[in-house]
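Structure first, then comments.
Chains here go by letter, A, B, C, D, E and F, matching the order in which they are written, and residues are numbered from 1 within each.
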Amino acid sequence: MIADTLTSPVILFFVLGFVASALKSDLTIPEAFAKAMSIFLMAAIGLKGGVEVSKSGNTAEVMVAAAAGLALSFLLPVLAFALLRSVGKLSKVDAGAVAAHYGSVSVVTFVTAIELLTGEGLSPAGYMVAVLALMETPAIISGLMLVRKGENMSGERSTTPWHEVLTNASVMLLVGSFVIGAIAGSDGFATVKPLFDTGFRGVLCLFLLDMGLIAARRLMQSRKMTLRLVILAILLPLVNGTIGTVVGTVIGLDIASAAALGILAASASYIAVPSAMRLALPEADPGIYLSMSLGVTFPFNIIFGISIFAALAQALG
Amino acid sequence: MIQTVPRKRIEILVDTPLVPRIVGKLKAVDISGWSVIQVDSGGGRAGEWQHDDVTGASAKTIVLAIASDTKTAQLIDAIAPLLDSYGMLLTVGDVQVVRGERF
Amino acid sequence: MIADTLTSPVILFFVLGFVASALKSDLTIPEAFAKAMSIFLMAAIGLKGGVEVSKSGNTAEVMVAAAAGLALSFLLPVLAFALLRSVGKLSKVDAGAVAAHYGSVSVVTFVTAIELLTGEGLSPAGYMVAVLALMETPAIISGLMLVRKGENMSGERSTTPWHEVLTNASVMLLVGSFVIGAIAGSDGFATVKPLFDTGFRGVLCLFLLDMGLIAARRLMQSRKMTLRLVILAILLPLVNGTIGTVVGTVIGLDIASAAALGILAASASYIAVPSAMRLALPEADPGIYLSMSLGVTFPFNIIFGISIFAALAQALG
Amino acid sequence: MIQTVPRKRIEILVDTPLVPRIVGKLKAVDISGWSVIQVDSGGGRAGEWQHDDVTGASAKTIVLAIASDTKTAQLIDAIAPLLDSYGMLLTVGDVQVVRGERF
Amino acid sequence: MIADTLTSPVILFFVLGFVASALKSDLTIPEAFAKAMSIFLMAAIGLKGGVEVSKSGNTAEVMVAAAAGLALSFLLPVLAFALLRSVGKLSKVDAGAVAAHYGSVSVVTFVTAIELLTGEGLSPAGYMVAVLALMETPAIISGLMLVRKGENMSGERSTTPWHEVLTNASVMLLVGSFVIGAIAGSDGFATVKPLFDTGFRGVLCLFLLDMGLIAARRLMQSRKMTLRLVILAILLPLVNGTIGTVVGTVIGLDIASAAALGILAASASYIAVPSAMRLALPEADPGIYLSMSLGVTFPFNIIFGISIFAALAQALG
Amino acid sequence: MIQTVPRKRIEILVDTPLVPRIVGKLKAVDISGWSVIQVDSGGGRAGEWQHDDVTGASAKTIVLAIASDTKTAQLIDAIAPLLDSYGMLLTVGDVQVVRGERF
């Protein structure tokens, strides 16, 4: 599958962005356009997931997958925190902030995985979109708890941004479109399908072009990255992704969905969690968590991770 | 001659996700209004950055407020403890405000 | 039809935006993207209207509908002004500014109505797009005349923004694309149809998501809304919409077009007129007219108004 | 040493639809140039607002102009009557302009 | 072909923008949207060109066309410089800056030409996209050399912006998507075709609407345009376009590709070159080069030039 | 009382393509940081302009830097020769920076 991945336009556009940025080209995607594309992509996968669930309605399986996702998002930061403290030599605050990123998920990694997996005939179940939404924010809470454990908190820092966590933009949009898809069903979706289905892959290309630009820029502008952190930014997705794939297989998900759960576990947030961390842990250094998640883990997952966890799920399944 | 009053022009450069916090502080010392301007890019000790909406977390913003000397002093007292951890830049200049009794 | 409306993705996205905003979520649509979508929607309906007219060419009917639209836009503010002064307890200036909004029209309400009506097998005539464009601005003139009546005007305020009224962006774009559609005809349109037709409904979904966000925010941030004004913001569309539907039926429009004329009369401007009022009547409080038209009347029309005037037109027709 | 001249830095916060009016006033008192900066959001007595392009009517803008003392005084006289109805905020500060004889 | 051109929606939207701007309408396209559209158009033609080349693979012909394009971009500024100095009465610096624009190319003129030519059954070869990319920047070097010839350069001005020239955004994007298209081939392209192919013409309409707005505004706001310069802004595309078409025919390109080479030669840059000139020749007046290339030459080429060089290529071929 | 230090607020209005050049000058005189704000439109001797991304060449930008008197003087010396050909506008004002020893 790696070979297919590397000749897919979706991945090639990511590479193009990465190269352009590394060459310090002045190629940039207007931010408003990038944000528009990410809104489009989230609405589209939300809708598609909802429509599929409205067709199948396998509720027990959905509940199990949802519980597994929630548990992973809550617990993966604990392992990450330990590794970041010991191997990464990070301060408690920085380790907690980074750990939260790795417990949470990257929507674009998931979307790219769906595209690549589907291209290989491995379509994850529609409800995985709901699992994605559920995994976005619990990690924020555990990351903060890890930082505060045994600490006598005072002043500004003691507040958990509950409101931000619960009404987070991507959660709202994913859950909202999922529900709309479920209500509208196939017939209702048919009317908007031309945009949300036809345009999907092309938009993903242009979005990954931008992600390539941003990832390479992050990597070059970061002054805080040590070799230890770079290694962890590859090790953590490998470990988390393996855990996720195994859990998915154990709880009885089909191969494609188990792979998708693995990829969710392997992916690291770069939207919801950074904003929450900036607010709740302003002392944590954004240079560290953004460089690790955007600069190293995201490219690693896009180019290698997806294929690795797909192979693992197939081997286990 | 139109009447002008001397006031302080407070400029706070801060990470965009923290703007609500700053606005909270402004309200706490009863400053009547503020305006938010987006910063496009910049550089400092922590390196250079560009605004990108994908990860809004690294975007920066200027919060601009016109206020009396007293309220400005109160605001500085309230914000100063956060300056380091938030990585803010806080400057205060003198301006004349036309018909600005209310500020 | 109400039931169909409430399960249509188009409306559900509006509701999603409204709910997200009410929960104070940080979900936002970049303004540049929102403006791009509104340009797209206007170009698309302009083109489609023009193409249809190029096919039918029923000139007499078009002239009558255009005259009716112009008259409604000029005269509806008079009634609205009286109600806003008496029931609404507004000052002369505020009442005139609000009245102008209700004489003018909302393009998105019209577009949504076309989508929903067409979904019910009720396609309004293509020339209704021209009627929409004609109704945009006359109300600005009558609103200003109502304010100035019996007043000894001086200084800045005495100028009517004729230039802004006549070269207004949405009028330009609607009329321009209408003419382009009429010149290009079906064959010329075929070449651009993939974008303007295929993408239409999906774009409308995302645009209404933004409108939901904006409407709820308006409603929450407005400090000037009294119960009287909220009631008027529902009463005015009901009254104006009934007048519009009746006029449409009387002048012999088909059922769908009469309903569309009713919806145009019921809708209130939130783009062209606010800008013109800010310029021509700076003393009028934008908090009032924007909260009424965007915060109350727009949602009311989208969710209930369209179905109501469709039912009325069917009952009368 | 490079020569600098003292000038006024005029900052006018105004509703975006009114910018052409303000520019008209600047031209009327023969101020040689101006620059317009978009404001993103803010708050004041009339509540809080965010920029949204859908209804441009509620967007706000800063018009920035560097001018001599005399022209600044003329501008203030010309604009002051509009301050209340337009809901503007007009501040004037002192700056040194490098090689700024032309302003 | 002129008649077809003038009823094509693509051109009519350009005219609409031009008229709206001339009437000082407040119609504007958000810049982020305009830039997004230009990124989309470049990615789309790059991909399509690459896919076509992957199918044919006529290497010798490609090399010849590429060499011709490079030579034209390098040499056309010499002639232009002479005319701008003598007829145009421009200073050395201004003449060099303008000459660079006319040696380089306009992507949108090329894209519009492809659309209109294809509509007439004249499809230029896929590799012409690569020729387009190659012609973007050599003219910058020759323009600077013309200015510096015989001059004793010192200080800031003596630096050629090599890095900007080589990693220029549009070159990166065109070449990158071309390579992606060539790697992905027809099968890979099929997956993203719905967006990049289906949406193409519609996006071009909206982009040309914006170009019309900008061109007319440029023309009205320019205070530096003399009658001599206006004449040159029409003469230069005629001369360069004729040279390009003749060269194309002589080196054995098919009729459509020879016309495309003519149009490339006739077109003047308004993105890459102005930025490079601002940096390398800050003393040159941007009011002159932007008004000539955007305000006069672009509209001339769109409305007349494309048809003229198509006719010339057919006459020669 | 929180400590403030007097610093210069330097505002450089410049064509967007030239920003990297200005940043180079700032770094050359060792100014620790800068922020870039986009200008939307404006007017001057050369006529009026609007920002459009299609030809970024005519866009304008404000580079804002807080610096000590000494570094400000050095910057002015370094930039002044470019003022005319680049068509820049360079103003310097006085501000108090809260906890601003590092600037």
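For the reader, a short list of remarks on this structure follows.
The criterion applied here is as follows: a contact is a pair of C-beta atoms (placed from the backbone, for glycine too) under 8 Å apart; a residue touches a chain by one contact, two chains touch by 3 or more.
This one's a predicted model, so the numbers in the text were calculated from it and none came from an experiment.
Number of steps on the shortest path from chain C to chain E, with steps defined by chain touch: 1. Chains touching both chain A and chain D: B, C. In a homomeric contact, the two copies may use the same or different surfaces; for chain D and chain F, under half of the interface residue numbers are shared, pointing to different surfaces. Farthest from chain D in terms of Cα centroid separation is A. Note: the chain lying farthest from chain B is E, by mean C-alpha position. Per-chain CA centroids place chain B at a distance of 19 Å from chain F. Distance from the chain B centre to the chain C centre is 39 Å, each centre being the mean of its Cα atoms.
Under the contact definition stated at the top, the residues of chain F that touch 2 or more other chains are 37-38, 53, 93-94.
Shared interface positions of chain E, i.e. residues touching 2 or more other chains, are given as 28, 30-33, 35-36, 198-199, 275. By the contact rule set out at the top, the touching chain pairs are A-B, A-C, A-E, B-D, B-F, C-D, C-E, D-F, E-F.
Listed in rising order, the residues of chain A touching chain E in the complex are 7-10, 12-13, 16, 19-20, 23-33, 36, 119, 198-203, 205-206, 209.
If you check the complex, the residues on chain A that touch chain B are 28, 31-32, 34-35, 38, 155-156, 210-211, 214, 217, 221-223, 270-271, 274-275, 277-279, 282-283, 286-287, 290, 294. Residues 1-2, 4, 7, 9, 23, 32-38, 61, 66, 93-100, 102 of chain D are the ones touching chain F in the complex. Those residues of chain C lying in contact with chain E across their complex are 30-33, 35-36, 39-40, 43, 47, 163-164, 167-169, 172-173, 176-177, 179-180, 183-184, 188-189, 191-196, 198-199, 275. Residues 11, 13, 37-45, 60, 62, 73, 76-77, 79-80, 83-84, 89-94 of chain B are the ones that touch chain F when the two sit in their complex.
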